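What follows is a pair of complexes built around subunit A, which joins subunit B in one and subunit C in the other.
So, the complex of A and B:
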């Protein structure tokens, strides 16, 4: 039983990180109809920025983390929007953008491998990794720390979306860009803001998950897949859904690794995806009506 | 005029293909056959994406299914009989083994295609992409973990090239060209069937689907049914390609059937030209043949002091190529070529003619 609870807690910790990636994915889809197949690579890359900041520029870890966030905003936010997405606006359908983000995924993956290293890299953490015993449960503090930071980030984002003027303008843009524009919302700026938020979330997710796994160029495959599954399971058109989906996938993933088979742990989220698509395609928290695209 | 040009181009290509295996080295034959095998799989993706407008991220996975089935049937061990007991023994008998392996691979991947496309086509537009993504990852886990079936990470070795119609196809000095001819023949059949699929009255529905799915539906075409069929046929092309791939490389392991190669197929089609018959061949050439040249140039550049170029792997160059192609030439290299060779037509009305509301005297 204690094992079970410990697994749930560590599952929630990784799940919260998945949720960060899934939220960014959902936001991009809502405001700009960008299905970002490079989302996993977006989470893989910032850790490399931090490592590069430490080894090449000699920065201490805390500054390197800030450097990573700044690089992510520049590369995964600005550059991604202006160089990849904007030139494709006006083309028929969403297929060109899908293909383009797939190419970006391969580019980032091979770029990290060729320009940094193909080997898995250790990544420092600012969180203490002591283990404390509460009610007979052995809980490691870094998991609690991850959970706290991720939840705080999500809460901040929710407050921004619902409580500020800019956030509500973003929501309006997501729901109906045309009407939003008529009402005087600067739609272009809101879309850019979404890309930047996505890049920021990816950077935070990257810094949180990298001490758990080694930093490796191929991390994006699994992370991306998990983020897609989390977003679809929760409900594609809902930020709340992405949170629920992320936590659910994290916990299931952890339980599967412990009780089913570690070799097939990756198959469990996939199975979940198929079940959801078969029986509840709008996702657990999704609404049935969709926006027309 | 353009028709004649196209016909002449095809004739020259066929003549060159028939001549090439004789003059090329053993390695040259291997590259040629690899190009054609990849092109067959890419034709399938082209049907799925260029005509039915769906994304398949599983083509390398389907190739893997075909390759493992073929490896078992060609090796003919006890496992082959356990697994394919429905097949009469005569079909695994040497003279038929290659064809029955191709048929089994095509059938298995066709059915698998229906199985995974059916649930996801009922719902949202991009769900098929996610399901095929999941399917590829799952297949890769199976290929890697189920050692009794696939040999795990060590794969299956010593897959013999069988003889077909009495032609020995072993990779020995005297026979390696025969296998290339066999692959050429299979590619020709596959390309002809694909041409027929998109040009026959029955297959015109695919073109209608490509042009405007909504209008196709209003004309009474069962859009979901045709999408399903396109996906299943396209996946079967992947299975056939895999079936040829196993005897070509004589050794298979899970790595060429992972997610990244599946994604490459999509990019290949975009570079070559989506929805065009030549597209898969151009795309496969860019993906398979070009890297060999680039590797050579690259090592020369690095040797001459440009060490930075050692970092530019082919995937990096290729993905940048794809990103720029989509932005500036959405119809790929085939479309670009068609635009360049198209006779320039003068606009029907001259610019000084009637504008809206004006009376032309």
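So, the complex of A and C:
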């Protein structure tokens, strides 16, 4: 029983990080109809920015982390939107943009490999490594810290979206950009803000996951796939769906590794994806969408 | 007449240039290093590359091998056996005197028949037991095969750790499965019961579930047989979950790269190491210092492998008296190279007819971020 509970806790901790990446997926889709297949690499890259800050600029870790967030906003927010998304968003269909994000993923991955290193790199953690015993369970303060930070970030985002004027304008843009524009919402600014929020979430996810995964150019492959699965399973058109999807996939992944096999750990979330698409395509918490033709 | 003269002069000039470039080419012998420079094995390949670069500069500074300078070409396998095979096939077209690599056993398995057919010595970093059991007379190890190292670690677990039950965690590739298949019978022969037998995936990043399972097995000790990055991630997770049973390994778990990545999570890991810059051997420690001075980080066993590979070929070529692949392989088979005759070999080593290496080895423990050698074990023969 204690093993099971520990698997749930560690699954929730990793799942919370997947949720951060999945929320980014969902927000980009809602506001700009962008499916970002480079999302995994968006989570991989900020850790390299932090390492570069520490090694090349000699920054202490705390400042390097802020440097990483700033670089992420600039590169994965501004540059991605203006250089990749804006020129392609008016094109027929979403395919040109999808293909471009795949190309961006390859570019970021090989760029990190060529310009930094192909080897795994150690990444410091700000969280304590101590283990505490609670009701017979040995729980790492690091895991609790990851869960707290991820949940706090999500809670802050939810408050921002629902409790502030700008957040409600973003939601209006996501629901119907034409009407939002008529009502005086600066739709272009809201879309830019979404990209910046996605970049920020990716940076936080990167800083949380890199001490566990080590920093490696190939980290984005699994992270991207898992975040995509989480977003679809939870509901691609609802932020709360992405949260639920991330946590569910994190827990399932852990339980599959423990009770099925490490070899098939990814198969279980993928099977869940197939089942959801077949029987509830809007996701567990998503809204049914209809199109008129 | 004038045109004929120009054509004649031009031909003579072209011929002279070609001859001189051919002569230059003949004075430089290329040895391809087909190794892991990206993918899961990037850490391993980088160490090999750095150390082999040091060795080739030293050898060339002293006149090369049999008067010829050596040039190492590095080709990345991407830690992929298919790519390794294609790279070896291309390299063999140039009829090299030897091929170095791959280091990953899966890639060695995919390539050893090619070098055997081409009668070209292949100096490898792989440790899977089955590599030298496939009948190739052209394969030569730079480190112990698992068939040699696992009995040593099994003795250590029985005699020093005194574990009655053990959990085995291994990587699901040629290296890990070979190690698992070698260690489990040795443990069972010594009356140690394997209470958990768990595979993990190459490149796996999340070990939370595996550590929970291992803890649940409640074994007296845990034998961890993963490659470098995976070993570090496992150790980090084991520390996070408060694993308090001895974590035992064979070379990789206690390697310097793992210590660098896992930091204090590596403390307490112990086991058998075939090669270490902390070995109580002056030549090895000197190599370690020179490597660290040049590359600003410590070498691990993969660095030592890459370094001695050059000196193996040098010693064999000098014994054969020629830079010819079949002659070098024939000379290396059954050869014992001593540091007295060839200082670059660092530790006396012998190769048998299957290419298996015999050498002293060590028991070690990681203390305060350093690998500490606790015992030296003799050569088998």
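The criterion applied here is as follows: the second predicted complex is superposed on the first by the 289 of 293 C-alpha atoms of A that agree within 3 Å, B and C clash if a C-alpha of one lies under 4 Å from a C-alpha of the other, contacts with A are read in each partner's own complex, and residues count from 1 in each chain.
Assume a residue touches a chain if its C-beta (ideal position, glycine included) is under 8 Å from a C-beta of that chain, and two chains touch if they have at least 3 such contacts.
Since the structure is predicted, the reported quantities are computational estimates derived from the model, not experimental observations.
Asker: Based on the superposed arrangement, let me know which partner A:138 touches: subunit B (first), subunit C (second), both, or neither?
Answerer: In the superposed model, A:138 contacts subunit C only, not subunit B.
Asker: Would you check which partner chain A:274 touches, where first means subunit B only, second means subunit C only, and both and neither mean what they say?
Answerer: Touch partner of A:274: subunit B, not subunit C.
Asker: Applying the document's definition of touch, where does A:14 land relative to subunit B and subunit C: first, second, both, or neither?
Answerer: A:14 contacts subunit C only, not subunit B.
Asker: Look at A:263 in the shared chain and tell me whether it touches subunit B only, subunit C only, both, or neither; answer first, second, both or neither.
Answerer: both
Asker: By the touch definition at the top of the document, which applies to A:103: first (subunit B), second (subunit C), both, or neither?
Answerer: first
Asker: Which partner does A:93 contact after superposing on A: first (subunit B), second (subunit C), both, neither?
Answerer: In the superposition, A:93 contacts subunit B only.
Asker: Counting only touches as set out at the top, which of subunit B and subunit C does A:196 meet: first, second, both, neither?
Answerer: neither
Asker: Which subunit A residues contact subunit B in one complex and subunit C in the other?
Answerer: Common interface on subunit A, subunit B vs subunit C: 113, 263.
Asker: Under the definition above, what is the set of subunit B residues touching subunit A in their complex?
Answerer: My answer: residues 49, 53, 55, 119-120, 122-127, 129-131, 133-135, 137-138, 141, 145, 259-260, 263-264, 266-267, 270, 311-313, 315-316, 318-320, 322-323, 326-327, 330.
Asker: Can you check the complex and tell me which residues of subunit A touch subunit C?
Answerer: 3, 6-7, 10-11, 13-14, 113, 117-122, 129, 131, 138, 140, 142-143, 211-214, 216, 218-219, 222, 253-258, 261-263, 265
Asker: Give every residue of subunit A touching subunit B within the complex, in rising order.
Answerer: Where subunit A meets subunit B, its residues are 35, 37, 84, 87-88, 91-96, 98-100, 102-107, 109-111, 113-115, 221, 225, 228-229, 232, 236, 263-264, 266-267, 270, 273-274, 277-278, 281, 290, 293.
Asker: Using the touch rule from the top, collect the residues of subunit C that touch subunit A in their complex.
Answerer: Contact set of subunit C toward subunit A: 37-39, 42-43, 46, 172, 198-201, 203-206, 208-210, 212-213, 215-216, 228-229, 232-233, 236-237, 239-242, 260-263.
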